[in-house]
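Labels for the chains are A, B, C, D and E, by order of writing; each one numbers its residues from 1.
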Amino acid sequence: MDYLLQTMVAGLMLGGVYALVAVGLNLIFGVVKIINFAHGELVMAGMYLTWWLWSAWNMNPYVSLVIVTPVMFLAGIAIQKFILSPMQNSSPTMKIFVTLGLSVFLQNLALWMFGGQFRAVNFPWAEQNLSLLGINVTYGRLTAFIVALALVLALFYLMKRTLVGKVLNALVEDRETAGLIGIPVKKYYLAAMGIGISLAGIAGTLIIPFQAAYPLVGAHFTLLAFVVVVLGGLGNMAGSLLGGLILGIVETLAGTYVDPALQQVAVFVVFIIVLIVRPQGIFGGSARNAEVGLK
Amino acid sequence: MGNSLLSVENVTKRFGGIQAVGGVSLELGHQEIIGIIGPNGAGKTSFFNLLSGMFIPDTGKVTFDGKDITGTDPATRARMGVGRTFQVVRPFKGMSVAENVMVPLLVNDPGVSKAHRKAMELLGDLGIAQLADTPTEALTLAQRKRVEVARALATEPKLLLLDEVLAGLNSREVIDVLPFVTTVRDRGVSILMIEHIVSAVMEVSDRMMVLDHGKVLAVGDPQTVIKDPKVIEAYLGSDEEE
Amino acid sequence: MKKLSLPWIIIPTTVALLLPLFLRDQYFLHISVLILIYTGVTVAWNIMSFGGVLSLGHAAFFGIGAYTVSILYVDYGVNPWLGILAAIIFAAVGSLVLAIPLLRLRGPFFTLATLAYVEVLRLLAIWAVPVTNGSVGITTPPTQGLAYISFESRQPYYYIALAFTLAAIAISIWIYRSKLGYHLRAVATDEDAVRALGVRTNRVKLGSLLISAGMTGAFGAFAALYFFVIEPDTQFSATLYSIQPALNGIIGGMGTIAGPIVGAIIMTPLGEWLRVTFSGASQGVNFMIYGAVLIIIVRLMPGGLVEGFRAIARKTRRGGKGRGGKRSADAKTTKEGE
Amino acid sequence: MSPTERGFNRRSFLRYSGAGLLALAAAPALASCASRGTDATTLRLGAMYPVSGTNALLGEESWRGVQIATDLRNAGGGVAGKQIEMVFADVPDVNTAASEARRLVFNKNIKLGFGTYSSSLALAATEVFARTGNAYVELGAVSEAVTTRGYDKVFRLNPTAADMTGLHMDFIQNYLAGALGKPVKDLRVMMLHEDSSYGQSIVSLAKAAADKIGLQHFEAEPYSAKSTDLSSTVLRMKSQEPDIVLAVSYAADAVLLGRQIRDNNVKLGAFVGTGGGHSLASFQKALGDAADGVFDVDFTQIHVNRDFTPGIEDFISEYHKRWNAEPASGHSLSNFTGAQMLFDILETTGGNDDPEVFAAAARKYHREAGTSAAGWGYELDAQNQNQQGSMYVMQWSGSKLETVYPPEAAVRAPKLITPFGL
Amino acid sequence: MLEVMNISAYYGDAQALEDVTLSLPAHGVTAFLGPNAAGKSTTLRVVSGLIPAATGTIEFEGRDITGTSPQERVAMGIVHVPEGRRLFNTMTVEDNLILGGYTKRKDRKTAARLDEIYDHFPKLAERRKQEAGLMSGGEQQMCAVGRGMMAGPKVLMIDEMSLGLAPVIVKQMFAIVKGIAATGMSVLLVEQHVKNALEVADFGTIIDGGITRATGTAAELRESDVVRESYLGH
């Protein structure tokens, strides 16, 4: 029972980070209607940036969010402006491949700049253990979970309460009408990319105290984030949060009680089953997915 | 009418809270043309979808050529002889007119060259042989509509469902396309056609059916139907409150 | 219907057949074999894209083919030629796992399912050590001879690969021009309309999946014999055998006959050249350039090279004969607007 | 012209021939950089290491050792008066390894190749060299299969997976059992291994090795090296309460495993890493003091009995000069040593790299243990496997990975410390 | 105020409009009539800038706006309430309305404008926190019109307002629209219910087959045969 509880908690912590990565991916997907295959690589970029700030300037990783967030926001805007925006009218397939190209580029840019060496931030505070009722969690993982959760909730708040958020919501639902009522759609694409990618970068910062950065670390997150997004429903941010948590728990449970070598298999099997049984996601997705080729 | 080709008994279809088709019945005889009119959102296309198998009705029964086809899929119905066109014509991209027509002709596997020959024959019959090699992307709307009809005819239907083949055409083009419909009927095909241009439908229909809010408002001789006050009201709006 | 213009098939084929007689350099032939393998997989991949489906799952079929032939050969002593036949069958059967997603999902959902399938197979191949020998992989025996598809010289490999690839191209042309091809191409535009014409679209899509997977399995099997060694991370590598063929096809022109051939012929040597030229200099630079080239090509020629050439040809023709006029100009705007 | 034949009209011929021309231009461009291989003044050898992809980290580290050996040798006059030139190939995956091996053999006229760090890559590369009648010397891969396929010109200078598991058991029997105060048969030992060819090669031999010393409670459990979370593995470990954990890890997963053991408060008697990640300086950096006490079975590391490893200082200072850092792991040192031995053998052939001549010389060559920078000796067995290369047990102490076992190579005695700061 | 002169337009490469001319006065209701697929919706989309005019010009307050973007046109005061309402279904009524006022967001009068809309549509005030997609058709249409009005339009173009609504609701809506027009804006009403439309309208234009067939005051058109002909063909 103890183990079950500890397993669930470990899964939950993991799931919080998945949710953060996935929410950014889902926002980009919902608003810009692009399936971003480079999303994991942007998590990786956040990790490297944090590591660099820590190793060169001895900056507290959590403080470095002050830098990582705006830098990744700008990176998102640049990607949208120079790579994706000119392809707005291309087929979804072409957009997929341009982001694939970006992911290959970023992976190898990291390899070129930092080598294959894995880069870890050794931040003692994050490694202290919080022990409660026999369940252990480090501050690093707990912080990642809490900040991830807080950010996702903040994003919900933004989407519900602020004008920018309402506009983004409107774009998720129906971008043609949004344009029709006078919303400068392209400007908000930039905003969505900026927010989505800064969330990926923040996830990178939160992860690095317990997960080393290396060039291929992002690839893993991309596919998982897709699983979460599909699980929770395309364009459904709350779904992504729940999807992330569920996936984290599924992964650890399968690893603990079935076979650690098969924990990823369990994740993808769940993914394929959900795709077949409920392609709109467990919690339902937004309408108008036809733009990315969905009906 | 025991010897009718198509017999629809009280079919209904709901989507969420909206009743798209609410208890429509209809008998269609051999080589008969029935025009279906009604305001936007009256359930005409939904009715067609129930006939062609795109939707399965919630209640009611569809009998075609003596067989109950209520639950069958579109491909099966097409093979039995129910052909249809779509309101928004979507010719197959990257394929020529002849190739578009060959798609249904190949269903019974006559071989590609034979299918091509048959397609050319059919296009010749319909007077558009000169378009055979044109990619469909390069056609005018009127031409596309004709290709759509040709494609439906290539399934060798006994019943053809025409969904607004005249919509979007100018009056010249309408005059061009109309004789098409009678030509088809003369080949032995029964036709249900949805149209908005009432004058045009009247010209070719044996009977007319008017749908409004998913229900049959009137059915019968075109001249009678068109003078029915209920029909005029549905179209032009009421003078008085109901 | 007009006949194929034979010269345009015969000439390239003849050139390909005679090539090894003039260019005996073994490395050149090796690169040619690589090009042929990639052309074959891309052509096989493209059969699904006739129907407008984007699969990133072909590494699964490639890997199944590779493992089938190797396991049968090494563990059961089955002759590789029979092994290739078995590989075709196993790959096709293995593709049936994707049948349900194929029939139920559209667009990126299906694409993601295929990608996940590759990942599942890769992990299973690593895990199932007793069957697959896990990450260490399987090495096929060095016994040489035509019966074992193992030679010292590259020439026989080249001709076998050429035979396979020409067969794949022939099958792809045949399908394109057959009932199945017509129905697939129609499905690519509008599945509902095709169904209303009496076509059983599920069978059509399944057919393309089985044929495409089987062909890919054959190339996976041949490649396993050609490279001698297989292991999960390579044979089930989405990058190498899912994304790369798709990329070739897309860069050449998805859903056309010539597109995948052109794409594979250009992209394979490019990747090799970049690695040879830059990998010694600094880690990762070659792939960085590859990624950048990819972004640039996809951005500049969204319809693929074949479409790009076609547009250029159209322009020259229109300029030359003054034909085309407004209608085709409009047609072009539509394309871009879609 | 009907669109049916779109694939085959005049324009498409232009396309075909255009693409054909491009290919014809590209392939000779690749072929044209052909070189003549070894000649009177230059000894050209093929070096194959993965410096991109999954294995980039330790592949690069291995390649560094070779570069140092080459430069030192060339500065000292080369091999039999010939300068050594390395023809390098990056081999991120097995198909590329096979492909690049062909480039080296056919295009670069390489007669003698070496490398490769990873076992599956080594298998692919050696198959090509062996089947084309050329020679290949493995300096890093540990899988037994590299030398058990019966190829007479495939050599391996480094110790193998069997040496590793042998040393594991030796260390348990001769030190850990005593230190933990339990007889071997009562010890609970768990082997955690990542699932690449490295981990799987080792685990495949571990069970037999455990039986051999009478270890009755031995469990092996795989995990994915690409995993970003090892909670499950650690929780299973916790539930089994092993006395000793033998871990076979790559890089990031070694750190992750260590951290999660610490975070979950799993108290172990001893933790023995096995090469790869547990030897890396960055492992210690990432874990800090928590790394103290972790044992590690691997190739020779730099904190070793210097009397036993003549030449190691040169290596370390040269490494510093070139990369301004400590060697990241022992991989550079072992490949450095292997390359030096390779050069020494070639010295005896007068710089002749003809496969037959080299093979004969390689079989004849001999060297005592304790005479090379890695402390290895040289003596081939019937399968061309070096019998005198050995593994050592190291232990983390501060930022140093100090050799503690066997005594002849040790700088100090092992100390039993509960690992990961618990 | 708004002059649409001889425009033509294509959907893809199919010609949807051939020659449409339309003139709107500074206030009052103009009915825009014609059978299905006559080109009414397409005309509106050209006027709001969603699809470009192939030929012809659009002038607004004396200025040529043919080449401007949809956003600029909304900011100028040309607002299009699309067919089928196209509300943001998962958002509340009030959020829909607020988004409607996007182009005027900086004038700090959002609250006042909301009040104004709620005055016109008391139903919406009751439902302000309700998810738009869960309301009845009539309420949704109110919300759509309200959303359009939030942009402070000078020209409000409403496409197929009465589509799928019960006759009672249609009557109510017409009355409200008339009220709106009385506040000094020009309303263009695309309608199928000809008689009803011409009753509330001051002016009317009839198109068919992508060509303007007749233009005049509502009274003139009520008497004209063109209407009956284009609908019922006799």
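Note that contacts are C-beta pairs under 8 Å (C-beta built on N, C-alpha and C of every residue); 3 or more make two chains touch, one makes a residue touch a chain.
Keep in mind that what you see is a predicted model, and the values were worked out from it rather than measured.
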Next item on the list: Go through the assembly and pull out the chains touching chain A as well as chain D.
Entry: C
Check: Using C-alpha centroids, which chain lies at the maximum separation from chain E?
Finding: D
Next item on the list: Could you compare the number of C-beta pairs in contact for A-E with that for C-D and name the larger?
Entry: C-D
Notebook entry, point to check: Taking each chain's centre as the mean position of its Cα atoms, how many Å separate chain C from chain D?
Noted result: 34
Item checked: Interchain centroid distance [CA atoms averaged], chain B/chain C, Å -> 42
Check: Roughly how far is chain D from chain E, going centre to centre by Cα mean, in whole Å?
Finding: 74
Item checked: Sequence positions of chain B contacting 2 or more other chains -> 94-95, 99, 137-138
Next item on the list: Going through chain E residue by residue, note those that touch at least 2 other chains and give them in order.
Entry: 13
Item checked: Residues within chain D bordering two or more other chains -> 1-2, 4, 51-52, 54, 56, 60, 195, 222, 224
Next item on the list: Name, in rising order, each residue of chain C that touches chain D in their complex.
Entry: 1-2, 4-5, 7-9, 11-12, 15, 23, 25-28, 30-32, 34-35, 123, 126-127, 129, 134-137, 139, 142, 152, 154, 173, 176-177, 223, 226-231, 233-234, 237, 240, 256-258, 261-262, 265-266, 269-270, 272-273, 275-276, 279-280, 283-284, 286-287, 305-306, 309-310, 313
Note to self: Touching residues of chain A toward chain E in the complex: what are they?
What the structure shows: 163, 166-167, 169-170, 173-174, 176-184, 286-287
Next item on the list: Please give the residue numbers of chain D that touch chain C in the complex, ascending.
Entry: 1-2, 4-20, 22-23, 26-31, 33-34, 51-52, 54, 56, 60, 88-90, 93-100, 102-103, 105-107, 119-120, 123-124, 127-128, 130-133, 143, 145, 149, 195-201, 204, 222, 224
Next item on the list: Give every residue of chain A touching chain C within the complex, in rising order.
Entry: 35, 83, 86-87, 89-94, 96-98, 100-112, 115-116, 215, 223, 226-227, 230, 259, 261-262, 264-265, 268-269, 271-272, 275-276, 279, 289, 292-295
Checklist line | Residues of chain C defined as touching chain A within the complex | finding: 54, 100-101, 104-109, 111-113, 115-117, 119-120, 123-124, 126-127, 243, 246-247, 250, 254, 282-288, 290-292, 294-295, 298-299, 302, 336-338
